[in-house]
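Please read the structure below before turning to the comments.
As written, the chain order gives the labels A, B and C, with residue 1 at the start of each chain.
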Amino acid sequence: MTRETVSGSHRKPPVAAFLSLLGVFAVLPLALRGLDISLTLGTEVLIIALFAMSYNILLGTTGLASFGHAAFFGSGAYAVAIAQQYGLGGAAIDLVLAFLAGLVAALLVGLLVMKKRGIYFGLLTLAFGQMFYIVALRWDDLTGGETGLTGLKRPAPFGLDLNDHITFYYFVLAIFMVAVWVIWRITHSPFGSVLAAIKSNEVRTQYLGYHTARYKLGAIVVSGAFSGLAGGLYAWFQYAAYPQNLFWIESGNIVILTLLGGGLSSFFGPILGAAVFVGAQDLISSYTEHWMFFFGLIFILVVTAFPNGLPEALARLLSLVRRPTRTTDASTAAVRAAPNRGTTP
Amino acid sequence: MPSVAEVVSQLTNGVILGLILALVATGFTMVLSVMGIINFAHGLLFALGAYLSLTLVDVVGYWPALLLAPLAVGLIGILLEQAFIRRLYTKDPLFVLLLTFGIAMMGEDVIQMIWGKLAYSIAAPDLARGSIDLGFMIYSKYRLFMGAFALVSIFCVWLFLAKTPYGAMIRAGSHDSEMVGILGKNLPLIRALVFGLAAAMAALAGIIAAPLWSVRPQMGLDALLPAFLIVVIGGMGSFWGSVLGGLLVGITNSLAVMFVPRFADLMMYVLAAVVLLYRPRGLLGTRSVLE
Amino acid sequence: MSGLKTENLSVQFGAVKPVDDVSVEIAAGRLTSIIGPNGAGKTSFFNLLTGLYQPTRGKVFFDGQDVTHMPVHQKVRSGLTRTFQILNVFDTLTVAENIRAAVQRRHGRSAYMFCAPDRHGPVEDEVDAIIERVRLKEKRNIRANDLSHGHRRHLEIGLSLATEPRTLLLDEPMSGLGMYESSVMGEFVRELAQDLTVVLVEHHMSVVLSISDTILVLSQGRLLASGTPAEIQANPQVQAAYLGTGRYDLPQEGAGHA
């Protein structure tokens, strides 16, 4: 799975990959029980993984590094919470509202940033993402201010009791699988190939006649909508919506865990990143109150040690252990990466 | 409706806040345009300035602390650049932003370990205590001191950039410029210098803001986010753009405090959004640091 | 007709004026080359024509219409596009995917999110036709990254052809190519000029002289001369300009990477 490129040529649905994904997550509760780990951790991994997959529509597929994605995730969470305050509820309504909230939030930010790229895009998404946090803090009659909105109820679709850990896990898994499939479809569609072209070279894409800003806006909106959906699930998960869900640290987390999983080059990578990161987060916060210190450390480690993600780092490690002579491979790779590659006879 | 005196005094507050923010933002935009990176730890350096002065004031007194704390933070900035950031110049700037995210998080936690979670306040120096009657209004002496100090600092930085050989090198090293290649072996020195200078400026802003802002671990973000918006408003890479942007943000904030107090800190975002829509490059957006 | 025209076109970066008050007419249906000694402003002029740079002063007309401030994608849609000297193909995509990304827009399919990109007959037929036209049939499913330099040059032109241009601007399509590859490219460009207006910036003088209908010579940002290849070769001013730089571009042909 390491080289299943986001924009790659394998456009047939990877049925085997989806089935193994389903298989792994279907038996995960058993494994967690064996290890004496709470299933809620598994549920959280699923939701954050969905968030990361949504995020990767921008980073991995379109090549745009957003640093304000918590705004879309949090908007989804607040949409569910606020709807319930006004007596609106039910699984379908909650999820549709969460999706739409993420979509609208992303549309607002997207209209401001769609013409930008690179580092300026990062700066703007960070700033305007944080704006949503401030709105949540200040508009307290709607959002509950600093304490957020608590005491939410999980709905009971088809008579299922979602307060039961196992039922909730499998319900989230079902939504996760469908959403990931839809995201796969979108990123491997004609629209997705324009995004891949933009990632590869935006100026060239304009010279193909594309109004690239519009496609970027489209990518932001789609990505934001699915992030909102993940946020809605998260509101159910924590029975609440908190301003922290919109905070910059959350935006940073999603970038780092997407990178950690190898999301720049792999479609399914963010899922691995979410599993490792959420696991580490849980471990750290159960041992120390100085979680920020260790989170910061994770950021620095990922950026300096495995910027291309765990899968690639593992592959490199393995090849080192197995065959020390692999250096020749590395040098041909370097030649291929050199800009003047073709001129060698 | 607020009275005229109230409005004038609020506007003055706004201008002074704007000057402090401009001091933070000019350093931030200098790093941005010379190195092409976003330093998210810039806010941490602002906070460190305030905290260091908090400790130093008790040891050496106010005025020496005002000198020593920025120097110390400047050194910390150079250290950060040398130890971490330098390794990432050849990579996507996204990585530097994430790295400085990490540094900001660690730094905030270290501050909590050393100074605790609670907020402190710093006493104003004797010279600037109390208030002064300006004839048409009574105004805090310390705020005037703050404004004057920030103004002088900004002017000194400009003098340094515009009139000294090192300043000329920094201007030449500006990100878009082809001069980067020509500077060659001087480039590492210039980058360290810029980073150190920007860190010291942030710290200085932190120190003079400390008696009015509560000194708390999260204070860095309160200065950093306005700095982001100021860059958007003033224009990326423009020194005077940052000053202008700072003033506009300060004034917007002070007016908002009077008229829409609950959403006061949202108004600068609105301002930035409006500027972005009508002047995508910012008010004075150009390609170099000084223009 | 799909000709290009400039009026007092100038651009300034700081104190430098790479293009200074150039007014020319580039006739439709012909192959026009822009030459000049190094630093003459060829590339800047080219970038002004194609909208990569915005002029400080002056105007660009395409088909008699002022396109100076028209966004790039609209210029392309009205039939004006370009290639790049520094290769600008989509490295991570295969040859077919590269071309398809360009073709599908004209079939109105680029906003489709819920289907595969390569299942639409008319698009695929056109993709295949273009791949064949740029002689990359055997490389159809190879990633652009893994192509040879010469093949990447062909792909670059294929991308531009896929936008169905009426006027195509080629930015040094022979740079980095060997002698044989260059002459093949020269023939290919000549072939393109049968259906299109072609504007060429190129260093390989022998090729330029043999295939062009008209040549424009720029020197120090200004238009020095224009005429047929024979007229340009005989022009003493042009010879002086080339001599003045202390080097000929002429003998360099084909020996690009000796």
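Note that in this section a residue touches a chain if its C-beta (ideal position, glycine included) is under 8 Å from a C-beta of that chain, and two chains touch if they have at least 3 such contacts.
None of the values given here were measured: they were computed from a predicted structure.
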item: Overall pattern in which the protein chains touch one another (line/ring/star/complete/other); value: line
item: Chain occupying the most central position, where position means C-alpha average; value: A
item: Approximate Å spacing (C-alpha centroids) for the pair chain A, chain C; value: 40
item: Inter-centroid spacing, chain B versus chain A (mean Cα positions, whole Å); value: 32
item: Cα-centroid distance, chain B relative to chain C, in whole angstrom; value: 47
item: Sites on chain B touched by chain A in the complex; value: 32, 36-38, 40, 84, 87-88, 91-95, 97-99, 101-110, 112-113, 221, 225, 228-229, 231-232, 236, 262-263, 265-266, 269, 272-273, 276-277, 280
item: Interface residues, chain A side, partner chain C - complex; value: 5, 7-9, 11-12, 185-186, 188-194, 196-197, 199-201, 203-212, 215, 218, 222, 336, 340-343
item: For the chain C and chain A complex, residues of the former touching the latter; value: 50, 52, 71-73, 76-77, 81-82, 84, 88-94, 97, 100-102, 104-106, 109-118, 141, 143, 145-152, 159-160, 162-163, 176, 257
item: Chain A residues within the chain B interface of the complex; value: 65, 67, 112, 115, 118-120, 122-124, 126-128, 130-131, 134-135, 138-139, 248-249, 252, 255-256, 259, 290, 292-293, 295-300, 302-304, 307
